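Below, chain A partners chain B and then partners chain C, in two separate complexes.
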Partner chain A sequence: MSLLSIMDVSASGLNCEKLRMELIAQNIANIETTKTSAGGPYRRQVAVFKETLRNELNRSANPGKFMGAGVQAKIVTDNAPALMVYDPQHPDAGQDGMVAKPNINLANEIVDSITASRAYGANVTVFNATKSMALKALTVGRG
Partner chain B sequence: MNISSLNSKLYAANNIFTTSRDSQNDLKSASASKNFGQILSQQLEEVNSLQKDADRLTEDFLVGEPVEIHQMLIAMEKADLALRQTVEIRNKMLEAYKQITNMQI
Partner chain C sequence: MGFEVDNTFRVIEASLNGSLARQKVIAHNVSNINTPGFKRFLVDFEEQLANPQRKPAQLPLKVTRARHISIPVNEDFAVTRDLSPGLRADGNNVNLEQEMSLMVKNNVYFNAALNQINKKIAVRKYVLSDGRG
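On to the complex of A and B.
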């Protein structure tokens, strides 16, 4: 595995953390959304990470060797039940005065956003370390 | 030093170059009949394509295409590293060339 392909692995990590941050932003922006095109309140979306398929294929073809190709993420909708709040004045209130609010907990989202931002930083740090390794390798035999 | 012994030394050096070239060919395993120049131009082509990637991503980013900042920066870093490596290889080659041209026979 060359140093440049390690950079691709870091890039995939950055992409995935960015997607996670996007979804958190989307969730927090829609924390009061009670209407969606699908009907009902907005549902929380989360990013689920998995190793890329190429990793698994490489590993089964070359057991005992590291063959990484990074991570990939997909968007999953959280199926937790909507939050029922009593608010008879709300235009979307039902007969009993209950409004279905999105199943989003602000504290969870904020903690997730901190995790995502730190993980993004960690990937950048790995990238920089890889770069300094490559630059160091270029000085072999000099001086 | 007589010329025949120098000749045999040159022959040995030539052998070393040939074997290193062969091992490069093994790595590439594309064709057995590649010479050093072809390998060099192939590598230069790769460096060039990295530079082009970086250029394209930077342009797209500036124009407002959906390019992530990190994608652009990583492409630029890759191009930078590849260029540095190329310069390093050029320096080595020039050094070797100078050593040979300075050889007194």
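On to the complex of A and C.
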């Protein structure tokens, strides 16, 4: 147990929230993208978070020990159906005049970006507190 | 009378370790604030320190010579998981305000314990310098 390893825990939180923010930016930037290399409209991407546990194999060996080591994220493509919008002038419109737009809800993305930003700030606060503890620990014996 | 007249150093060290354990748990909880279904951890090291039955986990340092001193390091404190359902729809029961207030308290506690150690060392230094320091 060291203060530096606690910083790593906060860093994992920062990393995952940053990834979430990146995906939100990517989603909003592509909110009108109707063509992708995979064909069809852009699909919303989401970061799915999972708790990281250190040494998962040995967990049964010492059950009472705290194994938490932060968080990890995975990028998942949202499989919700594309948004069908009537726009016959659009170059990608079908025979019936419907265009398949990305399955992105702008309000959801904005709310998610606020949550991500707050969570990022919370991790920064914990990181700074840990840092001040580490610096204080360096003063042992000076007094 | 040896250098360690009392057990203060040992006690403060144990509480510093407890404070570190709590900081780690808080960092873990906060980093998982957006993890669906996550349940927060907590460590009540004060109660564990107060418990006279407590047996510190002795994880001795490896010694390569018989005359080396093995110091018990890393007293392990039991970490419990709060399985309450919480107020959020995603099953996560981390409350940011609660974690932040615990963290600030923990920080103050850690600083207080370190100040205590520094004062003890200062007193020892004063004595060693014949009171001239």
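In this text, the second predicted complex is superposed on the first by the 132 of 143 C-alpha atoms of A that agree within 3 Å, B and C clash if a C-alpha of one lies under 4 Å from a C-alpha of the other, contacts with A are read in each partner's own complex, and residues count from 1 in each chain.
The criterion applied here is as follows: a contact is a pair of C-beta atoms (placed from the backbone, for glycine too) under 8 Å apart; a residue touches a chain by one contact, two chains touch by 3 or more.
Quick caveat: nothing in here was measured; it's all calculated off a predicted structure.
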{"item": "Touching partner for A:S10 - first (chain B), second (chain C), both, neither", "value": "both"}
{"item": "Contacts of A:R43 with chain B and chain C, given as first, second, both or neither", "value": "neither"}
{"item": "Comparison of chain B and chain C by chain A residues contacted", "value": "C"}
{"item": "Contacts of A:K18 with chain B and chain C, given as first, second, both or neither", "value": "first"}
{"item": "First, second, both or neither for A:A134, with chain B first and chain C second", "value": "first"}
{"item": "Which of chain B and chain C A:K101 touches, first, second, both or neither", "value": "neither"}
{"item": "Chain A positions touched by chain B in one structure and by chain C in the second", "value": "3, 10, 127"}
{"item": "Chain B - residues contacting chain A, complex", "value": "68, 70-71, 74, 77-78, 81-82, 84-85, 88"}
{"item": "Complex contacts: residues of chain A adjacent to chain B", "value": "3-4, 7, 10-11, 14-15, 18, 124, 127, 131, 134-135, 138"}
{"item": "Contacting residues of chain C [partner chain A, same complex]", "value": "17, 19-21, 23-28, 30-36, 38, 41, 43, 74, 76, 78-79, 96, 99-100, 103-104, 107, 110-111, 114-115, 117-119, 121-122"}
{"item": "For the chain A and chain C complex, residues of the former touching the latter", "value": "1-3, 5-6, 9-10, 12-13, 16-17, 20, 49-51, 64-66, 68-71, 115-116, 118-119, 122-123, 125-127, 129-130, 132-133, 136-137, 139-143"}
